[in-house]
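Each of the two complexes below includes chain A, the first together with chain B, the second together with chain C.
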Partner chain A sequence: MVNLNKVQPRSGGDHYLALGIEGSANKLGVGILKHPMLSQHKQGSLSHDCQAEILSNIRDTYITPPGEGFLPRDTARHHRNWVVRLVRRALVEAGIEDPRLLDVICFTKGPGMGAPLHSVVVAARTMSMLWDVPLVAVNHCIGHIEMGREITKAENPVVLYVSGGNTQVIAYSENRYRIFGETLDIAIGNCLDRFARTLKIPNDPSPGYNIEQLAKQCKNKDRLVELPYTVKGMDLSMSGILAHIDSLAKDLFRRNTKNYKLFDRETGKQLVTVEDLCYSLQEHLFAMLVEITERAMAHVNSNQVLIVGGVGCNVRLQQMMASMCQSRADGQVHATDERFCIDNGVMIAQAGLLQYRMGDIVKDFSETVVTQRFRTDEVYVSWRD
Partner chain B sequence: MQPPTATYCTPEGDSHAFTVVPDAPRYRTTDGTTSGPSAYVLQAGQIDRDRPSPPKLDAQGEPTALSRLRMHLTGLQDDINSFLTAEMQRAKNKKQKIDDTQEQRATGGSTAA
Partner chain C sequence: MDHTLHLHVPFESARLADIAARALAPDPLLRPEELSVSFASDGASLNIKLAAIDARVLRVATNSIFEALKTVVETADELDF
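Now for the complex of A and B:
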């Protein structure tokens, strides 16, 4: 039986306080979270209902010029030079005058880009030593899942985790988040971001968001531009779709009238716009995600889906998933808004605090070494039955 | 507080010590010469808004202990980066020399037409 009250709050009071730092890609997030110590958490799996109070949730994004991605070195520099200022702001916003009152400092151990992860862990180690607060190393994907469960109160959903670095369909079983299906090559967010680079549309606030806005302006929603549809069992592949749509976009910009998908064979009139391409790309990619998610739901006999990760705040994806769920008996889709979908510090604090309350803390700095590869199913989920 | 130091050593036994010269200008800034944005992103039109914050000064106008440490580490990091870049260039030149020698041997001792 899970007992989330295994460890007493350090302050001796009736609540736990956790500070989380996230920096596995181009977002640097610092969040502070409070869990009340409740008697019902002594027995039973209530990790989805901690009655968490978000005291601060601050994020700063490293944004590059249109057409450019973010390089590890420059992203790491961004995180290194902003982390102290963000932590300071988070503490002020949370009303914490003495950081030594924190129960735990949680940081992203991986997966992610090595150099930015390193910037964050150095800050976490420094704060831990300065304030004598224990550290907890958190898997980034678990952070997304636990934050999604806490916000939506979904008890045992099939999780669709879609972001710039990950695309996975996950279900919980016997203390692990098991991966039922995943991308065989690039992540969905990466596919959208790279197409945005081809289109040279701004990276602010995010390339995927700007593609979503262009897709909304599509005037030919009843006439999809045909793209490859590459579901492979429970897995999917997106690199071929990207190569295909990239070549279409380039032909469109060059006005290659011999491409009859884009231009009328007889008159040479343009048939397809950039907005149409964005819409068709989203429809194809999201249909593939819905298909494998539905199959996972059937497999584990679940009727709940939780969408997490940066791409999860795409409204069209949520609509398509809801449509699938409605066609299943009493199906429900749970999703969060950009505060919690997009990488943030609070999600690291949430997963880290659950680990901490189960007695899982860093005992030696050698355990804090960050790693670019850290699969979701490597983590032992002690806080669930 | 003693200024930080660093030591570079190799399995072959080479070593190099890095020390701070507190009054030298490179140890009196938080904005290093080798830790700026990449030339590539600047060429792409990036505006640098991620500079490190300047050192914090106390009531007497002197840097606080932590700010002094940050400045010393910035200079030390520049020293290390410059040293490692030179080492890499040296290794590259050495490899090039070996490759050229091997090519000369393979082509019969002369590369001239």
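Now for the complex of A and C:
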């Protein structure tokens, strides 16, 4: 039994208000969230059904030119330039005139890039002191999981967390989100982003989205370009796939007709297009994800999957996961759209507010030091049975 | 560490100078053997003392402190209700 009503709301009223600030990668997100204080939350396990109301959810993405990734220094500068303006807009949109009525300010402690994380926490600390509102340090991955649970109302799903920096299959057990399988080298989003750079396609709105659009235009869906398939037990490896498809793309651009995978041996006619490469890359990567997710479902005897993280908006990934689930005892896939899949401030507010309601707040600013490495299973999940 | 720099940053009030010192102080330095930094407020002034092994380390540290300080000042300017 969990009592989520341990802490009295600050306003003395019937609801909690949380401000969440996220800046662990190239997105800066600010969100404001409201939880009603309800008697059914006094006992039971209802952390997936807080009846959260999103008062504002604003994001500004640092977008680099085609062919370039985002560097920590430049990303941190972007966040410093925008954080105050975004917080101001979020407060206005939420109709909060006096931020001293907030219950809590939640920020991302990690994992992520050090410099962008730091630029955000400095602003969070300042606001906490200006308004006399407590801080809560949130693990970014836990933010994704809790937002996904709240939006989809999936009570105890196997979580597939796929983004630019993380690839993990997670299941809950005894107060921890335990990592069943993960990438051994680069994240799936990183693999897609870097292939997008090789192709020199735009990073706006996101490189993965543009790969998805190209893949949709593939005209030879029945003829996959063969790539490595690297599932290792419950884990994945993607760096070899990236190196392989990068070299294929370069041969294609150079018109290296000696590469018979791409050009006909006799006539030299081009057999494969950029769209075909995008399609094949997605099919291979997503099939690997589906395989380990299915195995995790068998382990924990669950028939729900929750997909979170930026790559989770990919409709093809959702489709493939759904067809696996359907063939397994009527399972369901839960996914959210880009507002909640892609990094945002509300998810930090959601996880942070759950922590706050269980009495977990920052007591000394030494606890607010950000960290690039912060594993999902390091967090004690007090708000679940 | 014989390369030193003392900065005095004036604030509107002692409260804001104190907030700035406490917002900047918690973060540990990457190479404590090359650099030491201390933040303190004295009335409405924020006093920053840096000591580094050479001029380059001192410049880099000063730059990054000013970047963080800018965030604090902007937050206080725009969001102090």
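The definition used in the following text is that the second predicted complex is superposed on the first by the 385 of 385 C-alpha atoms of A that agree within 3 Å, B and C clash if a C-alpha of one lies under 4 Å from a C-alpha of the other, contacts with A are read in each partner's own complex, and residues count from 1 in each chain.
Throughout what follows, a residue touches a chain if its C-beta (ideal position, glycine included) is under 8 Å from a C-beta of that chain, and two chains touch if they have at least 3 such contacts.
In this text the structure is predicted, and so the values were computed from the model without any measurement.
On the superposed chain A, the two partners chain B and chain C do not both fit; they clash. Once the two complexes are overlaid on the shared chain, A:92 sits clear of chain B and of chain C alike. Of the two partner chains placed by the overlay, neither chain B nor chain C lies in contact with A:315. Of the two partner chains placed by superposition, only chain B is touched by A:67; chain C is not. By the touch criterion defined above, A:131 reaches chain C but does not reach chain B.
When both complexes are overlaid on chain A, the residue A:298 reaches neither chain B nor chain C. In the superposed model, A:84 makes contact with both chain B and chain C. The partner of chain A that touches more of its residues, comparing chain B with chain C, is C.
Among 2-10, 38-46, 56-64 or 92-100, the region of chain B with C-alpha atoms clashing against chain C is 2-10. When the two complexes are superposed on chain A, the residues of chain A that touch both chain B and chain C are 77, 80, 84-85.
Contact residues on chain C toward chain A in their complex (touch as defined above): 19-20, 22-28, 67-68, 70-72, 74-76, 78-81.
For chain B in complex with chain A, the residues that touch the partner chain are 35-38, 40-41, 44-46, 50-53. Against chain C, in their complex, chain A makes its touches with residues 76-77, 80, 83-85, 87-88, 98-100, 118-119, 122-123, 125-127, 129-131, 365-366, 368-369.
Of all the residues in chain A, the ones that touch chain B in their complex are 62, 64-65, 67-68, 71, 73-74, 77-78, 80-82, 84-85.
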